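Have a look at the structure below, then the notes.
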Amino acid sequence: VQAVAIASSTDTHAELILRAAAARKAIFCEKPVDLDIGRAREVQAAVTKARVPCLIGFQRRYDPTFAAVKRRLDAGEIGETEVLCITSRDPAPPPIAYIERSGGIFKDQLIHDFDVCRWILGDEAQTVYAAASCLVDAAISDAGDADTTAVTIRTRKGRLCQINTSRRAAYGYDQRFEVLGSGGMLEAGNHRPTEVSWHRAGAISVDPPEAFFLERYRAAYAEEMIHFAAVLRGETQPRTSIEDGVRALEIAEAATRSSKEGRVVAL
Amino acid sequence: VQAVAIASSTDTHAELILRAAAARKAIFCEKPVDLDIGRAREVQAAVTKARVPCLIGFQRRYDPTFAAVKRRLDAGEIGETEVLCITSRDPAPPPIAYIERSGGIFKDQLIHDFDVCRWILGDEAQTVYAAASCLVDAAISDAGDADTTAVTIRTRKGRLCQINTSRRAAYGYDQRFEVLGSGGMLEAGNHRPTEVSWHRAGAISVDPPEAFFLERYRAAYAEEMIHFAAVLRGETQPRTSIEDGVRALEIAEAATRSSKEGRVVAL
Amino acid sequence: VQAVAIASSTDTHAELILRAAAARKAIFCEKPVDLDIGRAREVQAAVTKARVPCLIGFQRRYDPTFAAVKRRLDAGEIGETEVLCITSRDPAPPPIAYIERSGGIFKDQLIHDFDVCRWILGDEAQTVYAAASCLVDAAISDAGDADTTAVTIRTRKGRLCQINTSRRAAYGYDQRFEVLGSGGMLEAGNHRPTEVSWHRAGAISVDPPEAFFLERYRAAYAEEMIHFAAVLRGETQPRTSIEDGVRALEIAEAATRSSKEGRVVAL
Amino acid sequence: VQAVAIASSTDTHAELILRAAAARKAIFCEKPVDLDIGRAREVQAAVTKARVPCLIGFQRRYDPTFAAVKRRLDAGEIGETEVLCITSRDPAPPPIAYIERSGGIFKDQLIHDFDVCRWILGDEAQTVYAAASCLVDAAISDAGDADTTAVTIRTRKGRLCQINTSRRAAYGYDQRFEVLGSGGMLEAGNHRPTEVSWHRAGAISVDPPEAFFLERYRAAYAEEMIHFAAVLRGETQPRTSIEDGVRALEIAEAATRSSKEGRVVAL
């Protein structure tokens, strides 16, 4: 056994990473590292000490469309990066039982967006402001969580990121972002199941986005594993490291506090 | 009176142009010059002899989108022009009484497309093949006409033009063309009333095209009159001359014959 | 004289409205009413007392695309309104001399977006958070202003609005918004000068948005005046009233404070 | 051995199918059955007599986008089918050596389009007219072939099909069609590698279509094999039968003759 892939429930991640690190195995683990930031840092320390590769499953970075935007940003196609707007909406909320153990919408759903923010802006969050409402289902509010959020991150260089999320988009899984730079804008759009358009009296219509993450990120999951295999062969370092996992969790923690206390939180 | 604008019924065009030319007035006349090609040539000769400007109302050449394609073709954006595909569909057929006196679908509806073909390809038709069916309304067939056509024009340089038309497009007035060249393609799309899109379960939809020619070619009609005013001021020559009117009619005549006799017709 | 149209510089608006109201004239005035909220309220009181119609020039409400979204929202096409995301970017910053007397980006540029927010969400702002950076031109910062902002408004009903603006979009005047509701999303896209697309090795490209507000809102300005004429004929009340002008200014004031003090501001 | 998959050069197809049929093996064979129509019919007779399933590799029918259009047509989404327009362009011509043995552009390239025509229109060709030019490379003309064609097929029911093809589209592999029906239009668009759009001064651009058939029809090839496996399990009949192979070849033969003789050919 050369490597361990951890795709079990979140509360088992930390323990399993620690054991794999102790056994000097390369690690792939789904996000998040842990819901508790202190615990996540402990795990990070152990992995660092063990000097094993540890790849956290932020699969969006491997999505062909998202990855192309990143490459083109790095190639300077729009000059200096200034603003990032992320739209991230699930088709429908998960069961309340799931929500109750999820760590809240920021650690569960937006952690992916926080990772995209750091990756695309190439800068660390300095302040976070998170407004959150419960507009989809009152039971989510009863469970102490929100279902609709509007987050603003200001980075150290003054770059701005806006994230809007919802647990429900009636038209499907909406996963887009756009980056404004000094020389233009790069936009990452949704994928669609087919390229059919239907023209009839009153409207021309096309397919809504792919149904949910298994469809939308099919290519991304494959690319992620191809990358992990390259890591195992020693050809490269993990592009989504345990440090990325901890950093995204820090933003999620700050966003949760911001939302609960109704104020801006500094990191 | 410096100029005469003729927008009366087709059977009055020839006579009115002749009288305006005799009176040395500048002329604007809606297409077609006449349904009879011999008569149209007589009128052309009279206008030429009178040396008065005569602008035929092929308004499509003044449409901002179509005109932009022409400019960009001339600027060499796609290299040598090779193929033109025109889609030209009315939202609904006119009354049978109109059809009976229209001169047939080729002289009435497609004459605009034949003009676009000559203008965009910058070459004259050598052969025409027109397939026609009556699929929309049997009364059109009873009136001796067709409502659905597929025309192929081969020019002297071997360029190819395909035109597909229908008297009925349930989704609106469909007016598009695309030009393939050695270096790429330029496409002229439909205009829409608004830029709204509606995302819901099952479909994302946008507005269908503008309803009919008055909406679709509103800007074109204005540009045409602005151009006519420039002609009257002596600043320029008519961009859509009586020769253009006669040439388009010649193709319409050939297409009518082709369709009736089921064979390719040379010009 | 039945009506007065005020399109002079901002510092003259209040005085001219007061004099027109005193003379019992119907009033059209470009936004903003005044840069000072107290002064704007005085003007509002005088207009109310004089019982003259007063239409404030929030022309975006008259834009065919924006107005269609509003109509379709009201028709229930996406159920309950939840989230509004506005993208509002100028092609290039105005001269520094203009910026110095503009009242700042929130009162000058975003006041339109604040009006759109109130209009589309059909609810009043409860809290405002505005992050602002100077990323385009350091001279703007020297003038005490910002050029890039990210604003979050939470309404009384908990609806969320995110606005992102910039004084510079290299690709043109970017004026879009999208509304998420319980049953779907309505999106208002940019207008383009033509519907040409160019296909060549490496890319398919279409026109960027209209250059700036005179082109983008040409139809809106015309509709606005048609509406004002209907108001003058006594057929309807102003759709963009002086109250709307004052309310948008209140949000702009709060956003300015939020941005300067780095905290959430309640209205 | 239960089945034989034939993907060798065209001149071996007939012989290999005959031997597989004689051995009572199920057969998958790439198109065309043979370049000679008489020989193709012999092979069809042998397969029929042997009662073995034989699936011809018209992979386009398995493409998710094309297949969705067919399903939606059959579901009546646009009423009665009237007109089909196919755009089918390769990115670049094959080597001359390939062209010389290809059987000509109609049997080599358009045979797929002829199959799509029969499949989508659900009707047999009655007349074919094919105009062809050599506009891409004079060496193709020297080899006795054309590189640019415009084909019109009229079916027994009077439905019309226009096909435009080229051996070269500088922007990539262009594979689209649209179907006009009594109640609207269904359009099958190109697939793109990513959903990135790039906004900059002068243009907004997106990816051109997939590079060539291996990329464009990746999903189609997989679906085709899944279908073949279902045929082998006895669950279904081949959706693209040897009869389909022969019928498409008949149209290709007629088109070749039409093009060479400059006349309409009846089937």
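A, B, C and D label the chains in the order they appear, each numbered from 1.
Just so it is clear, contacts are C-beta pairs under 8 Å (C-beta built on N, C-alpha and C of every residue); 3 or more make two chains touch, one makes a residue touch a chain.
Note that the structure is a prediction, hence the values are computed from the model and not measured.
Chain pair with the larger contact count among A-D and A-C is A-C, by C-beta pairs in contact. Look at the CA centroids: the one farthest from the centroid of subunit D belongs to C. Distance between subunit C and subunit D, defined via averaged C-alpha coordinates, is recorded as 53 Å.
Note: centroid distance subunit A to subunit D, computed from Cα atoms, is 42 Å. Averaged C-alpha coordinates put the centre of subunit A at 33 Å from the centre of subunit C.
For subunit C, residues touching at least two other chains, in rising order: 78, 169-171, 183-185, 198-201. Only residues 64-65, 68-69, 72, 77-78, 183-191, 193-201 of subunit C touch subunit B when the two sit together in their complex. Every residue of subunit A that touches subunit C in the complex is listed here, in rising order: 78-80, 82-83, 85, 87, 89, 127, 129, 131, 133-136, 148-150, 152, 154, 158-162, 164, 166, 168-171, 174, 180-185, 262-264. Across the interface of their complex, subunit A is touched by residues 169-172, 198-208 of subunit B.
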